[in-house]
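Take a look at the structures below.
Note that subunit A is present in both complexes that follow, paired respectively with subunit B and with subunit C.
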Partner chain A sequence: MKKFLLILLNITFLFAITDDLLIIEAKLYPKVIMLENKYITSPKMGIIYDEKSQETAEKLKNFLVLNGYTALLMKKDNIKKADGYILTIKNPTYSLIRTLLKTHKLIFGIYPESIKYTMISVYIGPRIKLYVNPKIIKKADIYINPILFKVGKIYEE
Partner chain B sequence: MKKFLVFMLFLLLNAANDDFLKTLNEVSDIATKTKVNVDKIPSNVEVIRRDFILKSGAKTLLDVLKYLPGVEIPLSSSGKRELIIRGNKSIYRDKIKFLINGVDVTNNLYTNQFYYYNFPASLIKRIEFTKTPDSVLYGGTAFLGVINIITLDKYNNNFVNFYVSNKDEYEGGAFLNMNKFLIDFYYSYSKPDITAPQTYLVDIVKKNKNLYRHKTKANTLEKNAGFGLRYNINDETSLSYRLQYYQKGNFFGIAKLTPLKDDKRVDLIHQYINLNYKKYLKYNLKNEINTGIKHYEWKGEFRNYPYDFNETIDNDPANDIIAGADVKEYELYLKNILTYTTEKHTLTALAEMKYAKPYDMYYLQYVKSMGNNQNAFNLGPNRKHLTGKYAPLKEGISRKLLSVGFQDMYIMSDDFSLIYGARVDKYNNFKPKYLYKLGGVYSFSNNSIFKLLYNKAYRIPSFIELYAQSATDFNGNENLKPETVDMVEGIFIKKLNENNKFKFVYYYGKNRDYIGRAYSHNSGKKVYENLGEYIIKGIEISFDSVYKNNRFYISYSYNKNKNNFKNKSGGINRYDWPGTREKMIKSYIMHHFSADKTVFVSLLYGSKIKTPSYMDDINPYFSLNANYRFKVKKYYINLGIDNLTDHKNYYFSDPSNIIFHRYIFVQEDAKIPQAGRKVYLNIEKNWK
Partner chain C sequence: MRNKSLKKILDFLIVLFIFITIIFTYLDMKNITQTLKEMQREKIALIIKNNLSVLNKLLKYGFYDELNSEIRNIVNISNEITGLEIITLKKKFSYFEKEKKENVYIYNTRNVTFKIYYDSHKILKSFFNKYFNRFLIYVLLFSPFVIFIFIYLRNKINKFNILAAKLEKLDFRKVKQIKKIDNFYEIVNIVNAINSLLKRADSFYKMQIQMIRKMIKLKKHLESAQRIAQSFSWEYDCINNNIQISNEFKKFLNAKKNEFTLSEFNKFFPDIDVSYYLNNICKKCLEFETIHILNTLKNKQFNFKTIGKCIKTKKSHYVLCVSLNITESVEKQKMIEFLAYHDPLTGLPNRRKLIEKFEFLASLAKRENKKISLLYLDMDNFKMINDTLGHNSGDEFLKNIARRLKESIRSTDFVARIGGDEFVVLLYDINSKQEAKKVIKKITEVLNKSVNIKNNNIIATFSIGGAIYPDDAENFENLLKYADIAMYEIKEKGKNNYAFIDENIKKYSSDFYKTVDELKKALKNNELVLYFQPKIDIRDNKVYGAEGLIRWNHPERGILSPFHFIPFAEKSGLISKIDEYVLNLAFKTLKKWQNDEKLKHLSLAINISANKFKEEDFVENLKNLLNKHKINPSKLEIEITETLSMDNVEYTISILKQLKFLGFKIALDDFGTGYSSLNYLKTIPFDTLKVDQSFVMDLENDRDDLVITKMIVQIAKVLNKNTVAEGVENEKILNIVKNLGCNLVQGYYFAKPMNEKSFIEFCKNFPHK
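Right after this comes the complex of A and B.
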């Protein structure tokens, strides 16, 4: 039953993401990488998708390219090298997350709710904040700029 | 040296932090502007996004707005489409602020904008409809709300489309995204045949009614064309130009007497050039300047009635009194908005100035059959341009405005935000007007939100309401006071889960010094006056649900507005019979077969229109509509039907003005028909 509900959410959320939210993420996520590593001036973003999220992933890629960044579309079972990864899949498998953690790169999610299994997503309140998951960050054993904790909202499970 | 390197690193890190914080503020700004966080901010905005616009099969802006709760879109007998918001019907003026990409396109002449109502839906990226008055941010005409149309931008693909329907309607349009240049243009033509109702001549002295003109074949000609250009000079500066042209025929007659032949035309052209400059002075301090010029022209003629009333169905149009005018106005404006963001506050300070002036105007009134014989009917023989005391407006008038204001959104916590602001507007010839707002939003949980909003807004009378001096129906009154509205709204949003949203709105407002036309027994004319107090109150309930590949939406609205006017003519206060529908139900279901195949079915219902006891009420409105959108190779196709059941829908047509102190033309049962079932096809080609 739980599995069924997860599949259902996967489908329904296709309609919940708006282009405007993707545009926000395409502006914000590369800046987070540049904040972490000042030597990267044009981050290469890996966009991970599956069949259901392919259209959304392609849109996100266009928005990133329009902002002057490099974006690579990657199927969930073919992860390539990038400066950071954006997950467009609503409910990724544990093995996919484990694979991404091994890259020691930042993992972003396009849905606010993605924060459950990514390091950073967006928190939509009266103002936009970064939603930060310290537990996942710790698992990847990477350092992030303390300013993210200061201006972001910390996800508590 | 080491100290120097540490210092340089510190500067570098600070610069990186500033850049990041600036981006964070930018995206918050985008979220607020695009209404991504609409549920969490203290305002009541309905947002319609492109996905819905395309899949609903909407042809025009009004085809989209009809799905919003509390919005009624009738047609007047003169052919003017109206936007009735929460039961507020204001003939010829809709008392809202209308923006295209943030540029105000409401004219000063009559504070209306109906030339934009047929704007192609295909060119719209997003519609933001604020049904709350908001004079603090938007100034005087944001009286009953604000509509902001966002057109396509650099994130949209090029496209070209063509639309055709069985009601003699055609439209073609295109959008071209050429890096620094964004261009859109379109042309549309619509001329559905509709049978005009028979017209009676009522003698209010003898109290009798006689058939004057039989049912007759009529049509409702509308032509629209537009061109938009945006040039992004650099990241901070852009220049935009937009032209909107609208032509309409006389429809069912401005005097409620449908023209038999030789229909006349009215042409309206609105243009603007806007220069936008925005710059972050610091990562948390943004300055935005908009300046430009607008130009508007109303030019046209209306066929009225035979000068001697002796004609019947064998009417000779050469005996009709033709009235018309040409009025041009220009407006210069400068607006500066400074936004300062801290952890808890978003403080906006604004200053605005504008200057508007009508110029080069004339009035027309002639009877063709009278030739050169000048008299009270044939005032300007052979279309002579009448100026001076016959000009449509008093000459030498202008409007100057100076405004300053502020607004602060105070985020006390993630769960509670306040908004407050004030503004003062100083128009020439009027005392300073003080406006303010106060509101709050509280999230009980992630799924339950409550908002309480209060706004005080005003509307300065238009040039016509103040200075019209024509011999026909539009007589200004220089003693008019601005009308004001105090509106309170309570909004409760409950997300039953992440795919279901329930919204309840209650509103209560007092419109003081309501501006409307009142019949003067002395002059026999209708003159604009401050009629008194008008109470606006009602509820709106909506439920939006996404389930599997379906989206289901239903809304119910009810308004119980009430006037306290003492204006009566012929023993009747016309404002007791505003010709609106108190209850409306709007619903639709959207089913996605795949990303490129969608069926959209909607059902719209409006309760009957109440009329005085001596005539039948106008039947409820009912329309079942369907649209199928699919992709064949590189083409998107919309195939649809409006009013599938061919239900006989009618709009309200109020009686004509009193002519010669005793006559009124009345259309049968005070109603005019809708065009009926419509089948349409829209083909669109997209490319990058």
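Right after this comes the complex of A and C.
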């Protein structure tokens, strides 16, 4: 019965972003930044949205703020300086990704499938883990804490 | 005991414990070190395994900076790892904390080799630091405890040593209880047990001491007894042929050693061959007893009795002997034998030796047809010498006489002392009385010389009687008897002379012995009877009583008057028994008379001999007879002669007083024939004076007798006593005595002595019509 409920929950996370997932991500992503840079004690998170994801982005912002972090809502064409970026857009453009890579900051996606173009996403399996895409990280040429490779799941195409 | 002391064992155990602990610690450390190293390797392997996925991923995705960072991180995080090297086909990543690469752990995967360098000392150091810190804590915590236990145990064990030292110093003569040395239960228990043991040991020791003292005392007693008894022990070893003697025997022999060879020992025995004797005893294994002479080294000779016993065992064969000094008893025996045959005072042979000698000489004389003269010598008045000069002087005198007597005879003759002052000389080969008389003269010449005893010159005279063997008698007893009789003849004839037995004397002697024998039988067969001569009271012409006179109703010779037997009785000593017999008869007669009304007034007078009168129990016997017969004692008149009464006046008076006290009457018989002192007469308690018939019978013819009789009667009257005139044979004499004042008479004029029956008849018919 438990297994069934878990599978059902995964399916739910897989096909629709939920507040719960957002709450998790709002707690998790700032800590990854802090892990990467010891000097950042309260990371400023840039939330990149479009019209479709504005509402989700605002929710995420609220959750981040509730957790004591600074969050900036940014439209996809108005990228501002932040310690890390969270993409709420389901299918971002290549140029957006390229822009973000140039910032040499960590790029998070709120959807598990957004790992294809983000550095870190959330993997929903039997356990919820960070989903790490080494190729994108390598492209951004940034140093990441090797622990992520230990605790997170590596995305491989 | 000291080598195996508990203390040392404890010390050894402690050292052993430390040694084992060190060994075990060393081995343990070794194992721990090995284990730690393995653990370290496992830990390193585990670290690598844990980080392997990350490292692989970092390699795989080309995060080389991160890889280096991770390698550094791994090295830095781990204390043990000093360096890490990752070698791929193309690249090599490494990081080292130290230059020195001590230990390497290599881990291979498909394309990558991991070389992990680690510092094994670090982990060991860390471990041992902790280990020794804890060990130190344990040591600090437990060492005092262990040391305390060690010291405590050592101390307790030491108490045993103290106890042992005390026990070692213990003096069994003064056993003291061991004081409490510790409160430790076991030690207290042991001390108590030892004290209990000591107490028992002490009592046992005391008992042993007492026993030993007793044994020593007994041994000393035994030794003293042996010394006193002169009993010595010695032992002959039959195997080694040597002799071992006791210390006492050694002292006695004046020897310097206790062990002798047979030949040495033989010298002590002059009369027996000891070696031959002992060898025989050994061979036959016998017991023996022998009397022998023993010579000491000081040439003193002793008589010894030796008793021995052969003892043979598996291991030994010896003769155990006890020698007893019997010299004294042998000498005593000789002395006894000498005394048995000799007179101790003079040293002359005694009667026994005399008999033996006579028997020998008689047999010799018979064979050689020779004669022997036997002389019986009795010293005259020897009693006077004893009484005047004392018995010691008498003895000295006797010794002198014996010596001179011995010197006066020939060597073939023999002299013996057979009584106080009586000697017998046997003259061998003297064949006639004439020859014997010559010898007697020679003897008397020697003996009659004066002897000075205590400044008194004494001249001894002897009455000597002789008899010749075999002329006079063939046996010793008769020969001696005849010599004795002959000697008595001389004594009676005035002493200091000699005579040989002749036929007359022999006859007299024969009569004497025959009469004495018959008298003895007469006393047994009641042949002696009382005759009664009446005593008449002439004042009223009545029978006053009678004088009891003894007669012998001889079975062959008829009635015999006292003149026939009384002298023999006096000489033989039978007179006393006759007196006793007469007294018995008198008491019986008086008892009979007192039961008869017509006779009970009669008194009875009886004569008592001087011998009887002087007997110690005379009065006591009369008292017994009086108690037995219950007669009126005033009717019994005891007549004693005037001579007897004056013999020892003091004694006579005391006896007569006792008789008077018992109630008996006393008459002085034959008065006038003796030497009466008027002074004594006054004090002698008598009742009657009897005028002797020698005065009375001639009264009518002899004026002197008349005067004497008159005086006697007058004395009686003055002293207020009765007078009895004896021998009144006719009327004239009766009238004279009547006129003189005599109140009682007896004589043939009235009656002769008669038997009891006739006397009673006489009394009943008197006065005669």
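Here is the rule we use: the second predicted complex is superposed on the first by the 142 of 157 C-alpha atoms of A that agree within 3 Å, B and C clash if a C-alpha of one lies under 4 Å from a C-alpha of the other, contacts with A are read in each partner's own complex, and residues count from 1 in each chain.
One rule holds for everything that comes next: contacts are C-beta pairs under 8 Å (C-beta built on N, C-alpha and C of every residue); 3 or more make two chains touch, one makes a residue touch a chain.
Please read these numbers as outputs of a predicted model, since none were measured by experiment.
Asks: Counting residues of subunit A in contact, which comes out ahead: subunit B or subunit C?
Replies: B
Asks: First (subunit B), second (subunit C), both or neither: which does A:Asp77 touch?
Replies: A:Asp77 sits against neither subunit B nor subunit C.
Asks: Contact-wise, after the overlay, does A:Phe149 reach subunit B, subunit C, both or neither (first, second, both, neither)?
Replies: Second partner only.
Asks: According to the stated criteria, A:Leu28 is in contact with first (subunit B), second (subunit C), both, or neither; which is it?
Replies: First partner only, subunit B.
Asks: Once the shared chain is lined up, is A:Arg127 touching subunit B (first), subunit C (second), both, or neither of them?
Replies: First partner only, subunit B.
Asks: Taking the stated contact definition, name every residue in subunit A that is touched by subunit B in one complex and by subunit C in the other, in rising order.
Replies: 145, 147
Asks: Given the complex with subunit A, which residues does subunit C contribute to the contact?
Replies: Interface residues on subunit C, with respect to subunit A: 51, 53-54, 57-58, 61-63, 65-67, 69-70, 73.
Asks: Of all residues in subunit A, which touch subunit B in the complex?
Replies: Contacts found on subunit A: 8-9, 11-13, 15-16, 18-21, 23-24, 27-28, 31-32, 34-35, 38, 55, 62-63, 66, 113, 124-130, 145, 147, 151, 153.
Asks: Okay, in this complex, where on subunit A does subunit C touch?
Replies: 134-135, 138, 143-147, 149-150, 154
Asks: Can you name the residues of subunit B that touch subunit A in the complex?
Replies: Against subunit A, subunit B makes touches at 12-13, 16-17, 19-21, 23-24, 26-28, 30-31, 34-37, 40-41, 49-51, 126, 154-155, 343, 346, 409, 411, 414, 417, 441, 498-499, 546-549, 551, 592, 595.
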